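Per-chain numbering from 1; labels A, B, C and D assigned in written order.
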């Protein structure tokens, strides 16, 4: 527990530095007002836009990475679930049914990833690469490669409504993160995931169904991606099968790693990933706010990523006199 | 079945059917999908077998697709090039195989103009210019503008930006407050707009989006912020998709510059002529029209895409 | 081994299905069109063997192409000098990434992700749009190559590719550096306890990969006579896929350069099949390419398993 | 005699924990110097400081009179120190030959002479009396062969100092003897050898002097010839020890049959085997290196499935298709390869201990935290596990203490049949007795034990029945009174 808390410190530090920069560079950054019964301001946007994609994807990705895997297919799964939900409401289904259909198919696709990895024994990067390509095709096939606009009020509300002044996605995603975190620690799932990621062979010999664990985390990652896809579609009242979620897997992986979960698997931190996602979203909005030309925007982005990396560096931390313990391999 | 010579060469055809290869850049937006559909539909109508290749945004993939076309011995090639440069070599190979090439969308810079038969082009710079000129007129030469750029580095984004900025350069009070990429996506258009509304607030009086999708996203963001797109914020975009016409009808979008994706008929006309050996003009520029509330409602029923 | 068999099987099957498929030209095209990817993938193989990953290769390649276009066209450098400089920059960039990864113990994924953004940004800074390269040297080189009869010419790009593959195989298998890369990927702690130069090897591996990425850029400009800051997007995934299909294990320590060579050909063959078919719409095209890739890997696994038992 | 190595006042801290408290150690040329101490006393840590794996927080090291600051194993090697570390630190993804010559390959220009590499590797192994396919991947060999490879690697270097950290922990008597012969010869050539082992017999068989560490501090250095065993043990554990008989005598047979193995085999690998395990008794598996003991255990536990035969518990056939099924049938298996198949390095001691129990209960029924802590506390005390606390990552524990945690993992399961593959590997004398005592308790509570050990004395001491394997087949089953060192050796050696 102590280690986890200490890994959380560094992304938080990076986030605070970025926020302080904004506070100085753009005065209106922290301005939040009450408008039409909801909170309104850049900080709210960070949470709202951050919740819809990076946070959600990072949630699933955290568990996948904790088992030592990776999921490249999240963007494509977003496209599929968004498309399914949109087509369902257009076909007359209720919001609930449409969302359930989208999430169901997304979870199923995640489970397919899981089967390819845990049962067939493909390397995660390859299995999910296949899903990334084919899943995008599936989304386009379902929609005839066209945008699917819809006018279902309750579905649109999912992304644009507010609960107690907070955007619905923020409430939804923080709730999901909280419940997931709680469940993982209440049950033995968290332990099994970490054990599987740290030493799969030993875990199996200790009686853990490592195959089942992997299957479950890819299914969960699919579910999270599905929810993200539904929210993205709800946000613009249309499903965009060809482009939605494109390259967002990198954002998710970045959020997870920045949050202190090692790509090699093992110990994970959901809270860290959420902070990592917020960091990423803050960075994006900062670049918009400073009107950094899109062509050169990658450069400051690279600088911030490197800065986060350096904060994570044991070497540098040792320099600053922080005590660390190293785990012998 | 009859087989073409393995060394390639023009005039190959299967079962008496004409075979034409079409190398498309990608399938990443509705405009491009409409273009693909148009070419496919026209081929079907004329009984031509179409070899379709989707390069998923990679020039290298387009080149290898063209090489495959040569190897298969197609009769003609329609190419929607991703960028203007880098085509000399492959087009020489095509020429050596005596296969005529019809370019669609945009031109290529080549040393030898005989490397392609003709170009059926949209002039992206002109589109940007038309949008800019319209906005200058509409706003009386004074506006605080948010520009939503297309995918960074993409030719339409570069050119539409160039044309627009040239058009407003003469009006000192036309100020671009911020110019950020929305990646041609509706969702990104909305996200960017959401952020920029907070940063620039009431100073925003106009939005120029490089495509209709981003404009729709921006409109949604403006509405959510309590602004009235189409009224207190003028919204201009490019492409002329069906949903843009509807938005104009609803009074939320002010104007869209058409960029006609229905190039199929013209492209196959050109193919037919080229195969007969007719000399074609090097460039058949598409006439891109501008639609605003004055003429859009009338056009709406005619929109096929 | 299994990879090679599958490749041959696929080729024969496709040859039966599509006319003109089984021809020297198609095979030659495979090399021509994938030369840049092949070179990049060899560099990537070394990185993966060492237990790392390099996401910056596509961006480095893009930077190289615009850099060449700029210095040859704009500043009038002689082409060979410019190419050497470009590869030098690639190596230097890779070494720097490797140093950051090793010295600060930061995951390669993050460092090279930053490297990807950095190189891509720099490419746009050099030139925001694609630029032509007009140079007598390029025109001359474009005509040269190894004639294979029937008017077929193995041009310089694919030749470099074959040389790089051969060199990669020799280095990986026959030199201390190569073996140290395997050791590093097998178990870093053990490699260190065995007294192997862990740090130098890791830094060098990223240098090699950066150099290969830049060389891929050089080949790309040879083929296209142009530079483009958007080129090579997603290239890192293709390169990783090629290595992994070829039998290299992503966690490091196991794999072979020749396998990557076959992996590149497999990816190319899949693409060629889809181009020859030409009847699929974009949606089916994606499903089919995913399906073919999966089928390929499954077949390979099956053959490999059969051989064991 | 000239002094080869002199470590003076070495201090090493891990966080707030001090693992070495000013240890001084001198090694002469031409001596075999044993380093003794309980699990966690700091032996391996001292060695890692000498070879530059860990940077010392205080003290100096001089090699042959020259002060060195070995910042890495590489520099230590250059200074003439060659080492076999406790955990086999080799590369399973490379061949045996490469592992032996990595970094020192014979070259022709820039290229490695692969043929020469193999030849030299074969020669190095031959010195230890081992003949294997040096071209095969190291990972495909059992721990013992890997350990021999590590030793061969160290011997192949032309070093002045040779450090061996528990090199014999998974070797049987014959291999150990081969190693000792080599060590004696090297001593004769003037090499200084540091030798760590928990086997007192071995210590007295080869060493000239003995240095004892306790809790990270130096207790003293003595001539081996002048240090009685009991006194040595007293120094190690810090208490007076008097000769005690120990109650480890053979437990008599006669218990009811708990498990029956009938014609169990994995074709081409091991078997067929037929024997029964009595309730409350230990059954031993004896045999030479590679005789198939580990494979038998793995087959029983469902890791490598059996191709024929069956296992019955109380007359009913049990399904043993997977570790989980085996666990459900009341089996537990503690692997000999603790690094790869045992510990989950970055998880805590507590989590490692409860892991198997949690797995058998399933995901949903989490073992309550209080119960986990009680369990961890109980075993930390019962097995005397040296750890800063139950929340310490197991990867930072000393080798012997890791092994104890793994034993705890399986004892906590209270299985009906506990399979222990080399359970005392790397465990100090005191702890061995503790573990044997604990096994005794478990047996009295009705548990059966299948006991595999390279130490035949241990087998004789604990088992009421011994299945002897030869060439991966069952050679004999010895019962009760028939069990003795001599009978086992004879059965093993018969041809």
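In this section, a residue touches a chain if its C-beta (ideal position, glycine included) is under 8 Å from a C-beta of that chain, and two chains touch if they have at least 3 such contacts.
Predicted model only: the values in this text are computed from it and were never measured.
*Asks:* Tell me which chains count as touching both chain A and chain D.
*Replies:* Common neighbours, chain A/chain D: C.
*Asks:* Express in whole angstrom the distance between the two chain centres, defined as the mean CA positions of chain A and chain B.
*Replies:* Inter-chain centre distance comes to 33 Å.
*Asks:* Go ahead and note the Å separation of the Cα centroids belonging to chain A and chain C.
*Replies:* 29
*Asks:* Could you give the separation in Å between the centres of chain C and chain D, each centre being the mean of its C-alpha atoms?
*Replies:* For chain C versus chain D, the centre distance works out to 45 Å.
*Asks:* Any chance you could list the residues of chain B touching two or more other chains?
*Replies:* Correct list: 27, 33, 152-153.
*Asks:* Find every residue in chain C that makes contact with two or more other chains and list them.
*Replies:* 124, 128, 187, 189, 229, 281-283, 285 - these are the residues of chain C that touch more than one other chain.
*Asks:* Which residue numbers or ranges of chain D touch two or more of the other chains?
*Replies:* none
*Asks:* Would you please name all pairs of chains that touch?
*Replies:* Every pair of chains in contact is listed here: A-B, A-C, A-D, B-C, C-D.
*Asks:* Mind pulling up the chain A residues that touch chain C in the complex?
*Replies:* Residue positions touching the partner: 68, 72, 116, 120-126, 129-141, 144-145, 242, 250, 253-254, 257-258, 262-263, 295-299, 301-303, 305-306, 308-310, 312-316, 328-329.
*Asks:* Looking at the complex, which residues from chain C come into contact with chain A?
*Replies:* 55, 100, 103-107, 109-111, 113-118, 120-122, 124-125, 128, 187-189, 229, 237, 240-241, 244-245, 249-251, 281-291, 293-294, 297-298, 301
*Asks:* Within their complex, state which residues of chain A touch chain B.
*Replies:* Residue positions touching the partner: 26, 28, 31, 35-36, 40-42, 45, 49, 140, 145-147, 149, 160, 232, 235-238, 240, 242-244, 246, 285, 288-289, 291, 293-295, 297.
*Asks:* What part of chain B is in contact with chain C in the complex they form?
*Replies:* Touch list, chain B to chain C: 1, 3-4, 6-8, 21, 24, 26-27, 33, 36, 40, 50-54, 57-61, 63-65, 67-73, 83-89, 109, 152-155, 158.
*Asks:* Could you list, by residue number, the parts of chain D that touch chain C in their complex?
*Replies:* Per the stated touch rule, the residues are 51, 53, 72-74, 76-77, 83, 85, 89-94, 98, 102-103, 105, 107, 110-112, 114, 153.
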